[in-house]
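Pasting the structures here.
Shared between the two complexes below is chain A, which pairs with chain B and chain C, respectively.
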Partner chain A sequence: MSDIKKFMYLNRRAPYGTIYAWESLEVVLIGAAFDQEVSLMFMDDGVFQLVKGSDTSESDMKNFMPTYRTLGDYGVRHLYVDKASLEARGLTADDLIEVAWEDFETEEEVDNIVEAVDADQVVQLMAESEVVFSF
Partner chain B sequence: MADLLTVNKSPFEKNSLELAIKYSQPGSAILLIEDGVYGAMKGTVAEAMVKGAMGDKKMYALKSDLKARAIKDDRVIDGVEVVDYAGFVDLVEANDKVQAWL
Partner chain C sequence: MKLAVQVNEGPYQHQATDSAYHFTKAALEKGHEVFRVFFYHDGVLNGTRLTTPPQDDRNIVNRWVELAEKYDLDLVLCVAAAQRRGLVDDGEAERNKKDATNIAPKFRISGLGQLIEAAIQADRLVVFGD
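Let's turn to the complex of A and B:
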């Protein structure tokens, strides 16, 4: 019996200043073991989680940015980023990391599963999700 | 002498920076730390507010927190001075007191 649900992890906090971003990643990685259909949505300051070039060498904090790049290997199929949140912060899609995805059974590959979406798409994607985890 | 105000919250999430600017005297120094450094970024909806504050206040941002958040020097608003930990200490010493806006 198939019992696959559509999970969305909604990330609205900046990395490092609080534990939310790291906790979200941990839950995503744990949840990946359960073969659900998983997408991540980044809004508000959450978009800062995907900005490339983080260097924590002078901060005495773990740089967990590389972990995002592995999400495709954990079965995460989509990383959606709210366009309006990017624009409000002077950012574009070019500022963001790229995350590759591959289905190891069918060998289907996608170079980058990070996708900027507009408000209408956000509404649709949230409505389609059966479970939304907020961070 | 003047005061040093620290701001450690993102200007997009809380009004800490706005209030630090609003309720401080001319000549104050405002140091952006932790998530506060997002206020030092060019091209954001907070940029005009920060530039406006620099008319009579001095803005600083902590280098290590900028680096952790991938904010390169060329993306820092012109006029915002980037300081390291030693510079933070110098600012504390140079001002009458330190007030934190959380």
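Let's turn to the complex of A and C:
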């Protein structure tokens, strides 16, 4: 068994209202120390986690949106967003934050690792994953 | 097969914890290995020994304890989730200056790394939640 597995974190819930999104993010941050091959998938209300311009100043909640922008530094290689979930909520890829990624060893850079994918790709990406954490 | 189990919901409120228990018990009885049961989110509430359900109801906490005693099962509560929800063992009581503990026997409190490790080590991670 290889020590490196393909991890997918599946995020299906809105960022606030329940704690799932934030505690999922905590797993991703801690999990980075284990150097696995990590991607995140946002579906259903989970797509709201990546909508830019969120403001929690009047709700007494910590705004953890800035944390998503740092995920490239935590070894996360892909942030996939289910296109159908976006469309069902009147959103497009333009409404989402951009997250940059850089490999510090090879200096390979990607400006934005947020990618909208269609249903067939969602199925394929999940099937290719060896571990799917569902939040 | 080597399995890891993750429980994301609290006892009594949600079926996830019952399903996780019955799945874990059945897997062990069939001779599979359960590397670890990791409790996250409100799932950490499965680990308080102060739980007192009505007498004619199942005792979810004791059920886990008995299963762990029989099979030497590793029951782990996430420390960050436990701190938020008031699950305390001796170490946490001392570290955070709390006047009591409530963790049930056979449970232990540890970090999220235990979940990642379980996912890496096991052939399958089975998540019980909403």
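The working rule: the second predicted complex is superposed on the first by the 133 of 135 C-alpha atoms of A that agree within 3 Å, B and C clash if a C-alpha of one lies under 4 Å from a C-alpha of the other, contacts with A are read in each partner's own complex, and residues count from 1 in each chain.
What we mean here is this: a contact is a pair of C-beta atoms (placed from the backbone, for glycine too) under 8 Å apart; a residue touches a chain by one contact, two chains touch by 3 or more.
Bear in mind the structure is a predicted one, so any value in this text is a computation, not a measurement.
Engineer: Mind working out whether A:23 is in touch with chain B, chain C, both or neither, as first, second, both or neither?
Structural biologist: The second partner, chain C, only.
Engineer: By the touch definition at the top of the document, which applies to A:5: first (chain B), second (chain C), both, or neither?
Structural biologist: Touch partner of A:5: chain C, not chain B.
Engineer: Does the superposition put A:134 against chain B (first), chain C (second), both, or neither?
Structural biologist: A:134 contacts chain C only, not chain B.
Engineer: Quick check on the superposed pair: does A:14 touch chain B, chain C, both, or neither? Answer first, second, both or neither.
Structural biologist: Only chain B is touched by A:14; chain C is not.
Engineer: Between chain B and chain C, whom does A:84 touch in the aligned arrangement: first, second, both, or neither?
Structural biologist: neither
Engineer: Considering only touches as defined above, state whether A:33 meets chain B (first), chain C (second), both or neither.
Structural biologist: A:33: touches chain C, not chain B.
Engineer: Look at A:125 in the shared chain and tell me whether it touches chain B only, chain C only, both, or neither; answer first, second, both or neither.
Structural biologist: Touch partners of A:125: none, neither chain B nor chain C.
Engineer: For chain A, which residues lie in the overlap of the chain B contacts and the chain C contacts?
Structural biologist: In the superposed arrangement, which is not itself an observed complex, chain A uses no residue for both chain B and chain C.
Engineer: Which bits of chain A are touching chain B when the two form their complex?
Structural biologist: Chain A reaches chain B through residues 13-18, 44-45, 48, 51-59, 61, 63, 88-91.
Engineer: In the complex of these two chains, what residues of chain B are touching chain A?
Structural biologist: 8-10, 12-13, 34-35, 38, 41-45, 47, 63-65, 67-70, 72, 75, 84
Engineer: Using the touch rule from the top, collect the residues of chain C that touch chain A in their complex.
Structural biologist: Where chain C meets chain A, its residues are 6, 8, 40-41, 80-81, 111-113, 115-117, 119-120, 125, 127, 129.
Engineer: Per the contact definition, I'd like the list of chain A residues that touch chain C in the complex.
Structural biologist: Within the complex, chain A contacts chain C at residues 3, 5, 7, 19-20, 23, 26-27, 30-31, 33-34, 36, 131-135.
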